[in-house]
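In this document, chain identifiers A, B, C, D, E, F and G correspond to the written order of the chains, with residue numbering beginning at 1 in each.
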Amino acid sequence: MNIKPLADRVVIKMVEAEETTKSGIILTGSAKEKPQVAEIVAVGPGGVVDGKEIKMELKVGDKVLISKYAGTEVKMDGQEYTILRQEDVLAIVE
Amino acid sequence: MNIKPLADRVVIKMVEAEETTKSGIILTGSAKEKPQVAEIVAVGPGGVVDGKEIKMELKVGDKVLISKYAGTEVKMDGQEYTILRQEDVLAIVE
Amino acid sequence: MNIKPLADRVVIKMVEAEETTKSGIILTGSAKEKPQVAEIVAVGPGGVVDGKEIKMELKVGDKVLISKYAGTEVKMDGQEYTILRQEDVLAIVE
Amino acid sequence: MNIKPLADRVVIKMVEAEETTKSGIILTGSAKEKPQVAEIVAVGPGGVVDGKEIKMELKVGDKVLISKYAGTEVKMDGQEYTILRQEDVLAIVE
Amino acid sequence: MNIKPLADRVVIKMVEAEETTKSGIILTGSAKEKPQVAEIVAVGPGGVVDGKEIKMELKVGDKVLISKYAGTEVKMDGQEYTILRQEDVLAIVE
Amino acid sequence: MNIKPLADRVVIKMVEAEETTKSGIILTGSAKEKPQVAEIVAVGPGGVVDGKEIKMELKVGDKVLISKYAGTEVKMDGQEYTILRQEDVLAIVE
Amino acid sequence: MNIKPLADRVVIKMVEAEETTKSGIILTGSAKEKPQVAEIVAVGPGGVVDGKEIKMELKVGDKVLISKYAGTEVKMDGQEYTILRQEDVLAIVE
């Protein structure tokens, strides 16, 4: 089974906290908005979204930083995913 | 009797929870926004909506993920439907 | 006496609950937003509304689904009407 | 003394309740928004308003339906008027 | 000393209540928004404001109706003025 | 050390209350919004801001009226400054 | 490990308070919005963002003033960073 995001949406899988620590990234405990490290698992086609041409810059496998409250969570085959718009992805981590 | 959605709206029928489990998709219990699996049963004509040209990407029979709070519910011939805009559909599930 | 809606507005008359039941449409009791079946009794001329060209898709006699909270109610010759924008009409029921 | 509304504004005078009853129009007691019957007494020049070309469709003498909370009230020579934008006029009553 | 309003702003001086009564204009006591009679004492140059070309329609000496809550008050040489945008002026009184 | 504002921002230094009184300008005690007299000490380059071409009309040395709540305060070399957008400057005082 | 901000975002590192004092910049204690001195450590590519062409004016090494509440914090290799949009940077300090 497969999730195909629409428009300018991407599907991400959160990277485990242990993995996060290993790679040296630790998220701050700010009460307002906690960024999170995630991996892109599916990318929408882009195109005209809300009257504007959107080019998808992200690709499957990218490690990204997102805001904790961005997007909608979904669980599939026992794995949790989040579907969000490309513009809600803050940065790529390399 | 038939529902013909206007503009960029689609009509969806929620997929039963049992069927959801069978297909391996289980929705998270997030208090903020619960996505749901649904099947498209009618698609509006698209066209110019709020000054922007909207092309309908969805078709009848598509299984889709939507936010729980998107759209308006209606019951017809004993079946509940939801009418929502195409942009409120998050992803297609295959 | 006659109501001529301006711009992209339509005037609707709610279809009686009994008639609703007969036709097989029953509205859900959702606390958030209850859709309702109505009949179009007058249609505005459309044209440029808020800087965008609006073409009227609805015509007098159409049975439509609307959100309960859309529009403004008015009583005339003992009959209640609602005046709302075409974009607040969700679907046509046939 | 004379009120000349600016841009896309019109000046209206509420039609008395008695007159309203006589003509067969009775307003509903909805707590949310009560429409009201009024007569147009002055019409602005229209033109470019907020970057959009507005053509005035209303003329002095038109009987119109408006939302109770639209516009700003002003009393002049013992008569109360309301100044509101043309887009806040819902319909013409004939 | 002189106030030169920027962009599409005008500077107004409230007309005294006595003068108001003499001219036959009395403002209503609505709790929501009280319009007021004022005289234009300075007019900005207009031009492109927020990406839109604004032509100044008001001139020094015009008597105008404004909303009580529009604009910002300033006292200069013992006289109170209000600085507001031309679009917040409702009508010219002649 | 020097502050160079970005885009359509300007840096202002509040004019002391004594100086304000001497020049005959006294600010009103309105609880909603208190305008203030300030001097421009730096001007951004203007250019395309939020998709619109902004031409800077203000220059260093201008005395201006601003809203008390506009902009962000910063203290540098013992002097307080405020950084705000040109559109938040109400008028020039000469 | 490296953070590559997307679109018109930049990554900044707050300048230590001691360093701030040494350079003569002290931030005000306003309860509403505290600006902060920071150093740019990464700059996004710019391009079309929300339908508008954005040119990046900032470069790595720039000392900038930002609002305290702008952006999202992230900790990496023991150092805290903030990711924010270029338009949320108020000024460059030289």
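We adopt the following convention: a contact is a pair of C-beta atoms (placed from the backbone, for glycine too) under 8 Å apart; a residue touches a chain by one contact, two chains touch by 3 or more.
Heads up on the chains, UniProt names are A, B, C, D, E, F, G = Co-chaperonin GroES.
Owing to the predicted nature of the structure, the values given are computational and were not obtained by experimental measurement.
Each step here moves to a touching chain, and the least such steps from subunit B (Co-chaperonin GroES) to subunit G (Co-chaperonin GroES) number 2.
Counted as hops between touching chains, the shortest connection from subunit A (Co-chaperonin GroES) to subunit F (Co-chaperonin GroES) is 2. Superposition of subunit A (Co-chaperonin GroES) on subunit D (Co-chaperonin GroES) using C-alpha atoms only gives a rotation of 155 degrees, nearest 5. Chain geometry summary: the mean Cα position of subunit D (Co-chaperonin GroES) and that of subunit F (Co-chaperonin GroES) are 40 Å apart. Annotation: 22 Å between the Cα-based centres of subunit E (Co-chaperonin GroES) and subunit F (Co-chaperonin GroES).
With centres defined as mean CA coordinates, subunit G (Co-chaperonin GroES) is found 50 Å away from subunit D (Co-chaperonin GroES). In subunit F (Co-chaperonin GroES), the positions touching at least two other chains are 51. Remark: ring traversal beginning at subunit E (Co-chaperonin GroES), heading first to subunit F (Co-chaperonin GroES), gives the chain order E, F, G, A, B, C, D.
Here subunit F (Co-chaperonin GroES) touches subunit G (Co-chaperonin GroES) in the complex through residues 1-7, 9, 11, 42, 44, 48-51, 69, 72-78, 80, 83, going by the rule given at the top. Those residues of subunit C (Co-chaperonin GroES) that touch subunit B (Co-chaperonin GroES) in the complex are listed here as 23-28, 30, 32-33, 35, 51-53, 55, 57-58, 65, 67, 86-87, 89-94.
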